[in-house]
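To keep things simple, chains are lettered A, B, C and D as they appear, and every chain counts its residues starting from 1.
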Amino acid sequence: MNQNSNRQALRDRLFTIIFEADTPAGKIFDVSLLVAILLSVLVVMLESVKTFPDEVHHLFVVLEWVFTIFFTIEYLLRLYTVGNRLKYAASFFGIIDLVSILPTYLSFILGGAQSLMVIRILRLLRVFRIFKLTGLMDHGNHIAGALKASRYKISIFLYVVVLVTFVFGSVMYFVEGGVNESFDSIPRSVYWCIVTITTVGYGDISPVTPLGQFLASVLMIIGYSIIAVPTGIITSEIMRKPPEKITTQVCPHCLSEGHDADAVYCKFCGGHLGNH
Amino acid sequence: MNQNSNRQALRDRLFTIIFEADTPAGKIFDVSLLVAILLSVLVVMLESVKTFPDEVHHLFVVLEWVFTIFFTIEYLLRLYTVGNRLKYAASFFGIIDLVSILPTYLSFILGGAQSLMVIRILRLLRVFRIFKLTGLMDHGNHIAGALKASRYKISIFLYVVVLVTFVFGSVMYFVEGGVNESFDSIPRSVYWCIVTITTVGYGDISPVTPLGQFLASVLMIIGYSIIAVPTGIITSEIMRKPPEKITTQVCPHCLSEGHDADAVYCKFCGGHLGNH
Amino acid sequence: MNQNSNRQALRDRLFTIIFEADTPAGKIFDVSLLVAILLSVLVVMLESVKTFPDEVHHLFVVLEWVFTIFFTIEYLLRLYTVGNRLKYAASFFGIIDLVSILPTYLSFILGGAQSLMVIRILRLLRVFRIFKLTGLMDHGNHIAGALKASRYKISIFLYVVVLVTFVFGSVMYFVEGGVNESFDSIPRSVYWCIVTITTVGYGDISPVTPLGQFLASVLMIIGYSIIAVPTGIITSEIMRKPPEKITTQVCPHCLSEGHDADAVYCKFCGGHLGNH
Amino acid sequence: MNQNSNRQALRDRLFTIIFEADTPAGKIFDVSLLVAILLSVLVVMLESVKTFPDEVHHLFVVLEWVFTIFFTIEYLLRLYTVGNRLKYAASFFGIIDLVSILPTYLSFILGGAQSLMVIRILRLLRVFRIFKLTGLMDHGNHIAGALKASRYKISIFLYVVVLVTFVFGSVMYFVEGGVNESFDSIPRSVYWCIVTITTVGYGDISPVTPLGQFLASVLMIIGYSIIAVPTGIITSEIMRKPPEKITTQVCPHCLSEGHDADAVYCKFCGGHLGNH
């Protein structure tokens, strides 16, 4: 029993270190983890560059395994210390934590799967936990709230934009298809439409016939004008003011609230609101 | 007469199913129709891809005919059940419904006309009817209202932008025309101006002379600055609050105005505001 | 004298037709003029396309002369009928009107100068006069006012952006200059910077070294973020509400104005503001 | 002692001329300096153009030395006249002033370092000092204040965007890597992602597989939608009105608050508000 409670105390202490950032030890753990994630992502990225000599490449492979083993231990410790294991394993970060280590092991079976390891960069979203106490989160929540509040409007807008690109894409296929080998199918024409209406404009596909160029001009001007719509939606949500301070003034006669700041008499019972 | 009223009842029931989405049967019909439209658009798009083997291509042609016949029956049923046939046939959706089936039949005469069938994707705008009751429409109407309210301002802005591109385009033709074969006519130069001022920038045409590149830089900075204009217009319309409820209520004792809608007593003299 | 007053009456009538759009004759003249300008611009543009056969090209030259002679007569009539000739000749439209006809005559001396004739498209700005009475002008004035009010802020912003592109451009020349022949001089590198920061991105010049691509990424993200600045400035100006209605309430004792809508006593002399 | 005070008076006069723009001499000095900076930057830029003949190039080198020696004297004079030398030398403009002259001297050791001299264009930021008294600075401060106020929100937004580009970049490397030599490493794929999400779209790298083009379309639409976020943040900050002047004035008779700054009598009870 004593041993059990000792083990429980260890689990609790580990939990505080691993999952929380309020204690010095927890903060040190979190910062070290973020550095390790950054380094491991750097290694994965550099490993994909073919111009490095073989020895360097070998070093990257070794480092990759070191990081993966470190993250595996960390993942097992999280599972061990957490109260509700299933809930953690099925949470956003639980899945990201698992997916971050799997590709290295899978690389025995699937060659090239390592590149998917970069998904572990999403673990860097944990950085916000460290800043939890600094008020930085308020800014993030403000933006996230505005995006959430405007999700329906943005979705409807994008839905209509996508319909337009499909129609425009097939018209362009009809117009350019015969003479311009870049517009050789409707899906490619639709892809070109999206590249154009979003004002990205790679130029890998571009119209060559006068009519095609005229239609493209129309599409560009449409895209240029409607880029304002998501902007207007999100700006409007970001600027939505928090509800005005309610005056805490209470009528001494009928105990009603909601009086204007400059009211002299209660607007509900007509009683004098008393001295300010 | 009994037969007639039976037929009328059938027509009414069919009308409810086909044109409305309030009943379970109507909702099922609408969702099936949307799925069929999506699939048929997919078939039309994939049919245009030349890399599929002949058997697959043949399958697409067969599927295309199946969908077209299905949509033809649906169109005839709509004409049969609707009260005012002419009004439906001349409405936005009536025309879209007809234009969605015509190209397949026209393909006997005009080769390649099938690609125009993609116009049937516009039928997907019907999807909003299903969401009519969920409040999603309010969001869509809000955006549509803001776009409608800003149509004059946007039009004037685009009119001036187009005039500027014409002038700039011919100046660029004058500057680049001799040395850069991409600027071989004024219409092409204007096309390049639109590509540039909308910040799309394909790169299929780009200036090579120092003066041309300087003018292009000026044009880009103009485009970069004035993209703000439609944004400002639409943001302003989206944020325009609905007019506040004005209470025309006047205090019968002190004749004061500006009382809240829920006020019972005058906030200035304390007199009763009269019966609500 | 009778002849003189007749001439004067003719001049006045011509003035009303040519310069104003309030009478039916004036409206017809303005619309015809706009159509003629549009057609003449079309002719100039098509004339620059080299793929037309010689006969068509010859027709364009003839049409160009017809339009130019017509516009010359119109310009002389404007000079004849207007009260203050110098003021008209030096006004914006007066200059545009003259510049619109000069290039055709200059083409005897300077080959290729015709393309500058497209400047006559600026005469289409006159279209706003026809709409003067429809309230459309209010929208245009609103935008023009917002742009005018934000001209200092926009200028300061562009000034700083241009300084940044110069610094960035020379750093890129230092980084890419040796290995990438597209970055062969600082002016070209600055041109590339402007193409990038405005998110146009032709791709005619693009970095190839890892460091260059990293710096380009930084520049793009800067451009992506600060595009918000002119937008914010102009949106803010467009949304600026017209000054609130001043209450026309005058204190009957001291004749002062500027009282709040809910004031009972004059805030300057303490006298009762009287019955509302 | 007399000599010392003479020297001190000279230093003071020089300080007023060099560091301030309030006196006529100071204004002349500042304008001449700005012109010299502009000319020297022009010389550095043109020197990098290889197409000029040797004599012209030689002239540029001579001019470069003239400007550098002039700026060196100016820098030494600044050090001589300023009160706190260390503070000036470590200030933003102190460092810029030094860095602006070093590259010419360094060019003896490092070839090509001259291009870094363009950094002296940052000295043009001094132009704002001349306008200090014209109210133009208020506009600049307004924008700078809005950017400063939104720096946390923008940073969080860019942090998330960069994480997304890293994940998207490695997925694209996985998808396109085998068949498209442009996506030959994760860093390059991430670079492409940034080019795409910022809607720059060079087209030097672009996807060729259907899946890659589909993912690219998704990325473009994301970029197109979220460009609204920094815009919304900055617009919101620019429009934030400065807090209205709160008058802490209380009526001594009825203790009411909310009086205008120019009020003499209480607007609620008519009592005198006390001596101003």
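Please note the rule applied: a residue touches a chain if its C-beta (ideal position, glycine included) is under 8 Å from a C-beta of that chain, and two chains touch if they have at least 3 such contacts.
Note that this is a predicted model, so its numbers are computed, not measured.
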Original post:
So which chains count as neighbours of both chain B and chain C?
Top reply: A, D
Original post:
If you take the mean of the Cα atoms for each chain, which one ends up farthest from chain C?
Top reply: A
Subject >> Same-residue or different-residue interface between chain A and chain B, half as cut-off >> reply: different
Subject >> Where chain B and chain D are represented by their mean Cα positions, the distance between them in whole Å >> reply: 41
**OP:** Take the average of all CA coordinates in chain C, do the same for chain D, and state the distance between these two points in whole angstrom.
**Re:** 29
Subject >> Touching two or more other chains - residues of chain A >> reply: 187, 199-203, 227, 231-233, 235-236, 239, 262, 264
**OP:** Could you tell me which shape the graph of touching chains takes: line, ring, star, complete or other?
**Re:** complete
**OP:** In the complex, go through chain B and note every residue touching chain C.
**Re:** 152-153, 156-157, 159-160, 163, 166-167, 169-171, 173-174, 177-178, 184-187, 190, 196, 199-203, 206, 210, 213-214, 216-217, 220-221, 223-225, 227-229, 231-233, 235-236, 239, 255-258, 268
Subject >> Parts of chain B lying in touch with chain D, wherever the complex brings them together >> reply: 199-203, 231, 235
Original post:
How about chain B: which of its residues touch chain A in the complex?
Top reply: 41, 44-46, 48-50, 112-113, 115-119, 121-122, 124-125, 127-128, 136, 139-140, 142-143, 146-147, 154, 158, 161-162, 187-188, 191, 194-195, 197-204, 227, 230-239, 259-260, 262-272
